[in-house]
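Each in structure tokens, the structures are laid out below.
Both complexes below contain chain A, partnered by chain B and then by chain C.
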Partner chain A sequence: MIEVLDVRKDFGDFTALDDINIRIKKGTIHGIIGENGAGKTTLLQILAGIYDTKEGKVLVEGEEVYDNNKVKHKIGYVGDRNQYFKDYKIREIVEFYSGIYENFSKTDFQIYNKIFRLNLDKKIKQLSKGMQMRLSLMLNLSIRPEILILDEPTSGLDAIVKKDLLDILIDQVHERELTIVISSHHISELEKICDEITILNKGKIKYQSNIDEIKENVKKLQVVFEGDVEKEIHQLENIIDIEKIGSVYYLVTDNYGEVLIADLKEIGAQLIENIGITLEEVFVYTSKIKEGSGIDE
Partner chain B sequence: MNKSILKHETRSMKWILLLSILVSLFLIIMFSIILNEMYGRMFVKGLEGNTSIVQNAFRDISPMILILFTIVSVIQVFIQFRTEKDEEIKRFLESLPISKGEFFKVKLSTGIINITLAFMILTIGIIIVRMNNMFWIKDVYGISIISEPFIKADGVASLLKEIGIIYLIILSFYTFLFMVQYTFTNLVGGIVTGILVWLAPGFILYTSTYILNEFIRISALYDLTNFSRWLIPWLYAFERNTIWIYDGNGMVFANIKIIENLEIKYIISLALIIINIIIGNKFNKDSKVENENMIIPFKVIREIFKIGVTICSGLLVSIILNEIIRIEINNSIYILFILLGGAIGYFISKKITKVGIR
Partner chain C sequence: MFNINITSDKPIYEQIIDNIKELSLKNILKPDDKLPSVRQMASMLSVNPNTVSKAYQELERQKIIHTVRGKGTFISIPADYPIDSDRIIKSLESLRTICIELGHLGFHKEKIFKEIEKIYCDIEKEG
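The block that comes next holds the complex of A and B.
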């Protein structure tokens, strides 16, 4: 279990994270979504024990992560930029890791390398961004971590390797009860593998739920009204986005249920159709709340 | 000691180890050349007694030892911290389950071992060269009126003492630069500032007492000016006392120059090394990756830096006016110039310390 309790992180006068509370169950995949600068990387670096917190704490099985080598042994961290020692060859950095992590398995590394295909005699400085990402993924999977923190792990990877990686992650979760915290701009990928997600906005949690709940509660509705309902529609609760195309309204709600249906019928809805919503759309609409919900025509 | 960290540190040290060994060999060759020249001169001028030959030859190379190993220390610090100053590498290292103390310990140990190895080679080489030359040096002792003081001054024990103080001076300088790296995020900036700060206490005391002496002439100030030499450890190896040697009639016929207050200098150098390591370790433990944007991450160091630069700038102006331009000006204007120099120093140091603070 990972517990992020009332975490706040400042960089000088700039507050990168504020009042962050997340509980991540063992053996689950937790996605972190947010715009650029929302605080995703900072949060992941705090989870990895790289940054200290100004307030609050991060606990793994009840123990603080920062400055705690016992806990860090259980954590694999794949950053968005993976800078290892430039002059090292890949086989040298493998040796380095094997001397650092007690559970590091060279056999696992060789197995992963059959998928990720890196030349072990290449120097780190000769690797492209994507190759460095592959290396970091292989190294951190080979330490057999209990928690794997992945910051944009699919960036720079081609489609085939990307799919292989996601398969490996799911397998590891099922086989070893690995806990994964992952951030990505490719929200459709997160939708496929995550059990829960947290949406960050300007350093604060905007939305937090498990994927099934989101799919149950957040809906996009196509509604046709009898007359002009422009005023009434704004007075409805739990509508996070309104779009009007011709005479058809497209409403996004985060609390779908009978109460909402009844409210819509009361103001004259003649046709209410659930047209489905993707996680990407949820992210877009929840991010739009801050900008005010006028009708987009 | 973690073997991966040890391997990583020794990996970066191999070139500097090679350089250190080359420097040691060069110094041994220089020592040998000087003794050979003395030997050659003997055939031209004849045998000249009443002199400490080995010590004189060593005195000729000791400034070279100090300068070359000071340069080696600077390069060593540069190489040791080169990769770790990179923002991403810092984060990578911080994510590893290795304590900051372990990194510090391994890095410092490899650095000290490298310098120690180089000095061991140098010492062994110098002793061997001395041994090879003893066949003719003994002849010199043979024609001296009193040979014991010269035999003692040229002995292995005396040589070891003199090499020892240079070794400790170099180690205290190296550990100082090493410590400064934990207070400065910029590698080259840290080295340059480190060298200046190393000289600053001596400069401040010497210059301030010198200026005060212009206004109030009291002997205590002269003593303080003399004391400033104690604040520059580089000078420890060069300040020598002359020991006069008398013949049976009480007449002076020769002298030997030995390093004065050697025991105190040993103690000060050792104390400096220990203090540098303790302070460096403290700053290492308190350092945080998130402060990497600040050029000086610790508030206390920022304040010391500002005060130091302000004082040194003011004193520098006074030295320029007194010693370089040498103009006769009214005391009030003189003080005004010093204050102006200090103000400029404060302004610049304030700008530097603000770099990276959001």
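The block that comes next holds the complex of A and C.
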């Protein structure tokens, strides 16, 4: 179990994260979504124990992560940019890792390298972005972590390796109860593999839920009304987006249920049809409303 | 086997349940056929293994599949299903809702019957 409790992080005058509370159960996959600059990387780095927090704390199985080697041994961190010693050969960086991490398995590394295929005699500076990502993934899987933190792991990877990586992650979650925290801009990827997701917006949590719940609560509806409802419709509660094409309204709600249906029928809805929504759309719509309300504040 | 539709408002585990039910009704999955393991299924669909486990548990609870220790998960023989009155009531309720909804959309009884016949034709043809 990872517990993020009331975390706040400032860089000078800039508040990168504020009032962050997340609980991540062992053996689950937790996705972090947010716009550029929303604080995803900072959050992941705090989880990995790279930064101290100004307020609040991060606990792994009840112990604080920051400055705690015992806990950090159990955590693998794959950053979006990896800064290894540029003049090291891969062979040397593997030695370096196995000297630092007590659980590092060279056998595992060799098995992973059958999939990721890196030439061990190449120097880090000779590797492309995707190749560096492969290396970082292999190293951090080989330490047999209990928690794996992945910041945009699929960016720079080709489709074939991406699928291989997903398979490895699925394997590890299923067999060793690995816990994964992953951020990505490829929301459709996250939608399929995550148990829960957190949507960050300007350093704060805007939405947090398991994916099934999101699918139950957030819906896109196609609604046809009798007569003109232009006024009434904007007064309805729990509607986060309204579009109108011809005489058909497309409504997005974040609290779908009998109450909403009754409200719609009361103002003259003739046909209410559920047209399905992807997590990506949920993200876009929820970010939109927060911006709107931000202006009012 | 089948694909997961992320546009659907049905949760992924329900999609897995429904797809396996459909494949078994169409006799593409026959009694005693072995299902992929949780890990294999998760990899095939690129979904979270916990989601597949959840679907398998529910299918097992509904006696549509069963697990033999050390051997795997298999499709059960339909005659073995005990009658689950809860599910019957639920299904009949949704049928009623659908009939009413279709009625509002201008479908009279005969037209609905025709559609049902079409569905059965499809199921039998594919099976």
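Descriptive notes on the structure:
Just so we're on the same page, the second predicted complex is superposed on the first by the 291 of 297 C-alpha atoms of A that agree within 3 Å, B and C clash if a C-alpha of one lies under 4 Å from a C-alpha of the other, contacts with A are read in each partner's own complex, and residues count from 1 in each chain.
Just so it is clear, a residue touches a chain if its C-beta (ideal position, glycine included) is under 8 Å from a C-beta of that chain, and two chains touch if they have at least 3 such contacts.
Keep in mind that this is a model prediction, so the values were computed, not measured.
Under the clash rule set out above, the superposition-derived model of chain A with chain B and chain C shows the two partners fitting side by side.
Legend: residue contacts after superposition of the two complexes on their common chain; A:174 is shown touching chain C, with no touch to chain B.
Of the two partner chains placed by the overlay, only chain C lies in contact with A:211; chain B stays clear of it. Of the two partner chains placed by superposition, A:236 touches none, neither chain B nor chain C. By the touch criterion defined above, A:85 reaches chain B but does not reach chain C.
In the superposition on chain A, contact of A:188 is made with chain C only, not with chain B. Contacts of A:11 after superposition: chain B is touched, whereas chain C is not reached. In the superposition on chain A, A:45 contacts chain B only, with no contact to chain C.
Put simply, the nearest alpha carbons of chain B and chain C end up 27 Å apart when the two models share chain A. Common to the chain B and chain C interfaces on chain A is no residue.
Chain A meets chain C in the complex at residues 27-29, 163, 166-167, 170-171, 173-175, 188-189, 191-195, 211-212, 215-216, 219, 271, 274, 276-279. Residue ranges of chain C in contact with chain A, taken from their complex: 4, 6-13, 38-39, 42-43, 45-51, 104-105.
On the side of chain B, the complex with chain A involves touching residues 2-5, 7-8, 83, 86, 88-89, 91-92, 94-99, 288-290, 357-358. On the side of chain A, the complex with chain B involves touching residues 11-14, 45, 48-52, 67, 69-70, 72-73, 75, 77, 79, 81-86, 95-101.
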